[in-house]
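This is the structure, below, for whatever I ask next.
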Amino acid sequence: MTVAVEYYVLLSMAVFCIGLMGVLTRRNALLFLMSVELMLNAANINLIAFAFYHGNLTGQVFALFTMALAAAEVAVGLGIILVLYRNFRDVDVTVPTTMRW
Amino acid sequence: MVGTGAGPFSYAPAIALFPLAAFVISLVFGRQLPKKGAIPGIFATAASLLFSLWMFATVAGGETYHETLYEWSAGAVTTEVGAEEIAFSFGLLIDPLSALMLVIVSLVAFLVHVFSLGYMNDEGETGLPRYYASLGLFTFSMLAFVYADNLLMAFMFFELVGLCSYLLIGFWFRTKSAPSAAKKAFLVTRFGDYFFLIGVVAIASTFGTVAFAGEESFVVAAETAIEDGTTLFGFDAQTWVTITGLLVLGGVIGKSAQFPLHTWLPDAMEGPTTVSALIHAATMVAAGVYLVARMFGYYALSPTALSIIAFVGGFTALFAATMGVVKDDIKQVLAYSTISQYGYMMLGMGVGGYVAGVFHLMNHAFFKALLFLGSGAVIVLMHHEQDMWKMGGLKDKAPITYYTFLAGALALAGIVPFSGFWSKDEVLFDALIVGLEEPVILAAYAMGLLAVFFTGFYTFRMVFLTFHGEPRTETAEDPHGVGWSIKAPLVVLGLLAALVGFVNLAPIAKVAGMDITFLEYWLDGEYGYVEGLTYHHYHEMVAFEEGYIGSETTTMLLSAGLSLGLALAGAFAAHTLYNVPEPKRHTTKLGGAYTVLRNNYYQDEYQVWLAEGLTLPLARTADLFDRSVIDGAVDGVSGASLFGSSWVKRIQTGLVTNYAALIVAGFIALLLGLGLYGGWF
Amino acid sequence: MNDWIAIGALALVGLLIPLGMMAVSYLLRPTVPETSKRATYESGEIPTGGTRVRFNIQYYTVALLFLVFDIETVLLFPWAVVYLDAVESDSVSLLEILGPMLLFVAILLVGLAWAWRNGAVQWAQTPRQAAADSDRQ
Amino acid sequence: MAAYQLPQWAALAPALLLALTGLVLFLIDSISPRSTDRTLLAGTAAVGALASLAVAVWFTAAGVGTPTVDGGEGVIEIFDGQFVVDQLALYFMIVVTIVTALIVVASYDYLAGHTYQAEYYSLVVLAATGMATVAAANSLVTIFIALELTSLPSYALVAILKDNRGSVEAGLKYFLIGALSSAIFVYGISLVYGATGVLQLDSIAEVIADGGADGFGGLLGLGILMLLGGIAFKTASVPFHFWAPEAYEGAPAPISAFLSSASKAAGFVIAFRVFNVAFPLGEIGNVIGFDWTVAFVVLAIVTMTVGNFAAATQENVKRMLAYSSIGHAGYALIGLAGLSADGGELVMGAALMHLLVYGFMNTGAFLFVALAEHWGVGRTFEDYNGLSSQAPVACGAMAVFLFSLAGIPPFGGFFSKYFLFTGALQAATANTAMLAVAAALVVNSALSLYYYSRLVKALWIEDPPATRDRLGQPTGLYAAIVVAAVMTIVILPGFGPVAEAATGAAEALVN
C-alpha cells in the first residue's frame, strides 16, 4: 500500500507550520534556530515525497544538499549565538534592540 | 540657384564671428588695449562690412546660400500637419534680403564704432571695455539674427539683441534713470517676446519645422495646409496661420516699438547717443521689421494679419509723430520720429509693399543713424546739453555737422530728392492703392499721410531750433570742437542719406518708363534668389485687391504730390514759427492738447497703472494663493510625508520576533491578495 | 479507509492506557506532603548550582568539525551511488569520476588545515597561546 | 577564441577565480595564522576580484552569450544546463566583481588593527563567489546553493566585529531573518518541484507549457510566491526587508556597501532569471490564474515607498542609506513589474543599468560612511557637519553619490532612473498599473531628494564643530571612493555600451 502524495504534503505543511509557529513565538535563539531547521526539514519531506511521486531522483539529491546547507547554516548560526551571548549575556533574541526605527 | 558650401559663402559665418571675437578681446584685454577696446571693434566691424559686401556682390552674381551648419537637437514628434520629426539647428540663409541687411548692419555698426572714438573715448568715459564688448556682442547678435535660416535661431539671437540693448542702454548704470530705462526696455520688449516664443512653439508644433526657406519651411507647409483645407488645432488653417503670425508679431511690436509697446524707446535715449544710433537706426528696432520681411511669405497667407500690421503701423506713424512735435530734447524728437518711421515700414509691409517696406528700412537705417550721430555731434558741441531751447545758431560754428544733419532731416521729412522721400512715397502709394479697395487700409493710409505733415514739422522745428537763429546760451556761442572720427561717419552717412534713394526711383520709372527700380529687381530675384522668397512670389500670395484713381501713373503722381506737399507744408510751418532769431515756444496755441502730447498720451501712465493697479493686486492675490493654498499644499505634503516617515519607521521595532511576525503577515497578505486576484478561493 | 480506522484505534488505545494508569495512580496513592519529599533528590543530597552548566568552547568547535565531516559523507553519498556504474561505463575516464570527489575532499582539507592551524582542535592552551588569544579580543 | 579550447566549465572562470582566491586566502592564513599582513591579504583578494572582473569583461567582449547568428559565441551551458553563462550572467558577474574590488581596497584601511584579517577577506571573496555563481545558476538547486554560499559568509561578515554590540545584533537579526527566508525559499522550491517534477529552469518552463502542471495550480502558485519571498529577502524588498536597516547599520561599513550593492544585485539576477526563464508570462497565467507581474507591481510600489519614507527622517546617516537602499530595490523591481508577454526588455534593461550604476554610487556612499567611521567623527547628520572643509575630495565624491542616488541629471543615477521611468510608461500601454508605478517612482524620487540633500547640506553648508581633530587620508578608502565617484560620472558618456549590454542581457532573457 502506498500513501498518496497529498498526505506527505499535509505532513510537511504541518511540520512547516509548527516550525513557523516556533519562529514566531520562541525567544530563545537556539529554539528559533531549531524551528527554522524544522521548516527546512518540512521542505525535505516534500522533496523526497515528490521525488517518489515523479519517479526521479532530483528531489532526493536536492534534499541532501538542503541538509548540508542546513548544517552549515547552523554552524554559522551557533557562532553568532555565541557572540550574542558574549555581548548580551543572554541568548534571548528579543534582548538586542539597540537599533530600531 | 542655392549655392553649396563652396565659394565665398563658406566664409559667411565669419561676418558674425568677427564682432564676437572683438567682444571677447575687449572683455578680456580691453583694459590693457589702447583706446580701451575700440580698435578690435573697428577692425572687426570693418571686416564684417567687407565680407558683407563680398556676400552682397556674390548674391548680385546670382548665387545664394542656404545651409544648416549645426544641428543641436532632432527628434520624433507628432505635429498637426503630419510631419514626424523636427530638427532644431543653426544655419545660414543668405538671399538678397539678408545680404542687403548684412551690409546695412555692418556699415552702421562700423560707423558707430568709429564715431564712438570721438564720442566716448575723447570724452573720457570710464568703463569703455565694457562698452565696446557690449557693442561687439550686440553687432554679433544682430548679424547672426539677420542671416538666421530658421525661426528658432532668429528668436535666440533676437533675445540676445534684447539682452545687449539692456547692457548698452544701462551703460551709465550709476545714474538713476539709465538703469531704469534699461530695465524698462528689457521688460517691455520681453513682454512682446513672450508672444513671439509662444508663436515659435506653435509654429514648430504645427508644422514640425521652423525653417524660413526651402521646401521644408513652415511657410510652404502653411501654404499647403491652407490649400488642402487642413484643420489645425481645431482651427481653419488660415485662422491658425493668422493666430500664430500675430503671436510672432508680438515680438515684432515690442522690438520695433510699435503701439502699444513703444514706450520703452524714448526712455532708451538714456544710453549713449552712439548706442541710440545703433539700436534705433539699423539693429534692434530694425530687427522687428526685418523679421516681418524675413517671414513675409507667412504673413502674406493671412490678409487679416497683414491688415493688423498695416493698421498698427499707420496708427503708430501718426501717433508718434504728434508726440514728437512738442519735445524739447533733441534725442527725444528723434526717438519719436524713429517710432513713427517704423510705423511707416509696418504700414508698407502690411499692405503687401514688401519692396517699399524694405526700401524704407534701408533708407531709414542710413538717415536715422546720420541724425542720431549728428545729434551726438551736437551734444558734444554743446558740452552734453540736449535741450534744443538752449542751442541755436550752430549752423556757422559747425558747418559739417549742420549740412549732414540737414541732409538727414530732409530725408526724414521726405523732401524730394532725398532718400526718405522715395521710400515713404512708395509706402504711401502701396497703401493707397490697396486702401482704395480696403477701408481699413485706407484709414491706415490716411493716418500715415497725416503723419507726413507732422514729420515735416517736427523735423524742421528741430533743425531750426538747433542750428538757426541766435545762440541762446553761452555754450551755444562757444561750442566744443569735434574730431575727424565724428565728422567722417557723418559725411559718409550724409551722402548715403542723400543718394541712396536713387536705387529705387519708382515714380520716375513709371513716368519715364525706365528700368531703374533696382531694389525691386534685387528683391525680385533678378540677380540671385531663393525659391519662394521673392517679391514676385509674395505679390502673388497677398490677397489684396488694388484700385487706382484714374490710371496707375496718375495715382502715383497724386500720391507723391500729396505727401510731398504735406511735408513741405509741415516744414514751412516750422519755418514760420521757429526760423526766427528769437523763437517762442508757441505751446499755448495747442491748449489742452499740449499737456496730452507732452505726457505722451499718458501711455506710460496707463501702462504703469496696468502694472501697478491691475497686475500688482493680481500678483498679490496670486501670491496669497501661492502662499496659502499652494504652499499650504506643499507644506502639507511634506509634513504628511515626514509624519508618514516617522510612522513608517516605527514598524522597525528592533525586535526580531516582530520582524518575523511582520514578514509572515506580509507574506500571508500577499498570498491572500494574489489568491483572491487569481481566483484561487 | 479501514486501515486508517485501525491506526486511529491504536492511537486511541495508546493514549488511553497511560492516561488511565495515571488516573488510577492518582486515585489510589496517599497524599502526605512533606518537605523532604518535595526536595529534588529524596535521598537528601542537596543540589548545587543551576541546571545549566557552561561547557568549554572547545566542545563547540569540535562539534562543528564533526558536523562538517558528517555532512561530507552525505554529499559523497550520491557520488558513491553512481561510482560503480561510472567505472564500468567506458565513456567517462577515471579522472573524471575521481576528480570531482578528490577536489571536494581537497577543499575540505584546506578548511580542516585552516581550522587546525587556527587552534580549533587545540584542546589545552599554553599560557603563551592564551595570552595571544586574549590579545585577539 | 581561446574559450573554445578550454573545457566547458571554464566558462565559469569568473566564479572559479573568486573561489580559488578564497582558498588561497585560507591557505595563507593556514600557513601563518593570525597574520595581519594587510597588504598581502587585501592585495590577494583585490587581485582575485580584478582578475575575475577582467575575465568577465573579456568574455563579454568576446561575445559569449551573444547569439551565434550575431557573430557571438552563443550561450554556454555547463553541467547539463545547471549553469548557463550568458550575457546576463556576465553582466552581473561584472557588477559583483567591481563592487568586491572596491570593497576589498577600501577595507584595507577600515580593517587596520582588526584581528581577523584573513577570515574577513576570504569570507568576502567567498560571498562574491556565491554571487557570481548565482548569476550563472540555471537550476533551483544551483540557485539555492549559490544563494546560501552568498548568505552564510555575509552573516558572519556582518557580525565580524565580535565585541561591537551593534555588529553582533545586526548579525543576529540578519541571520535569523535570513534563515527564516531561506526556509521559505527552499519550501517554495519543493512545492515547485512537486508541481512540475523538475528543478532546472527551462525544464520547468517546458513542463508548464506542456500542461504538466495544470492540476497543481495552487501548489505552483504558492511555490512561486515562496520563491518570491526568498528573493525579496535577498533584494531587501518589502516585506522581507526588516533585516536590512539593522544589518546595514550595524555591519562594518564596507560590508554594508557589499551587501546593499552586490548581494542585492545577486538577488535581482535570481529574480530576473527565475521568473523569466522558468515561469514565462502568459503561460504561467493559465496555470496559476494571474501573471506574476502583479506581485512585482505591488512589491515595487510598496518597497520604494516604505524605503524612502522611512529614510526621510533618519538621523543616522548609515541607517538613512540603508533605507534608501530599500527604496532603490523598489526601483529595480520595476524591471520585473514592467514585463509583459511580448516584451519589456527595455524596462528590464533599465533595471539592469540601474543596478550597475547603483553598484558604484551606493558602494561609494557607504564607503564614505566607512571613511567617516575610520575618522571617528560620529554617525548622525550633525556629526557630519562641515566635513567638506577638512576633506573636500571625499565630500565632493559623496555629493556626487548622493545626487546620483537622487537622480539629478548630470550623473549616472539620473539616466538609469530616467530609463526606468520611460520604460515604466511604455509598459503602461500593456498594463495600466504601471502608471501607478511610474507615479510612485516620481513621488519617491522627489522625497529622496529631500533626505539626500540634507546630507549634502550638512557636509557642505553647515559649519564644522570647533573641536574636531585633523582627519587622516587613508589611501585605500580614498582610492575606492574616488574610483566610484569617477565611475558614477564617467558612466554618463559611456552609457551607450552599458545600455547596450544591459538591454542585450535583458533581451537574451525575455525572448
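Descriptive notes on the structure:
We just call them A, B, C and D in the order they show up, numbering each chain from 1.
Assume a residue touches a chain if its C-beta (ideal position, glycine included) is under 8 Å from a C-beta of that chain, and two chains touch if they have at least 3 such contacts.
Just so it is clear, the structure is predicted and the values come from calculations on it, not from any experiment.
Which two chains touch most often is answered by the contact tally, and the pair is A-D.
Taking the mean of all protein C-alpha atoms as the reference point, the chain centroid lying nearest to it belongs to D. Chain geometry summary: the mean Cα position of chain B and that of chain D are 60 Å apart.
Once the centre of each chain is set as its mean CA position, chain C and chain D turn out to be 37 Å apart. Once the centre of each chain is set as its mean CA position, chain B and chain C turn out to be 96 Å apart.
Each chain gets a centre from the mean of its Cα atoms; for chain A and chain D, those two points are 26 Å apart.
Among all residues of chain A, those that touch two or more other chains are 23, 61, 65, 72, 93, 96-100.
Residue positions of chain B touching 2 or more other chains, listed in rising order: 649, 652, 654, 656, 660. Among the residues of chain D, those in touch with two or more other chains are 162-163, 172-173, 176, 180, 184, 245-246.
Of all possible chain pairings, those that touch are A-B, A-C, A-D, B-D, C-D. Within the complex formed with chain A, the chain C residues making contact are 3, 57, 60, 64, 67-68, 70-71, 74-75, 77-78. Of all residues in chain B, only 649-650, 652-657, 660-661, 664 touch chain A in the complex they form. Residues 107, 110-111, 113-114, 116-119, 132, 136-137 of chain C are the ones that touch chain D when the two sit in their complex.
Only residues 20, 23-25, 27, 93-94, 96-101 of chain A touch chain B when the two sit together in their complex. Against chain D, the residues of chain A that register as touching in their complex are 5, 9, 12, 16, 19, 23, 29, 32-33, 36, 39-40, 42-44, 46-47, 49-51, 53-54, 56, 58-59, 61-62, 65-66, 69, 72-73, 76-77, 79-81, 83-84, 86-88, 93, 96-100.
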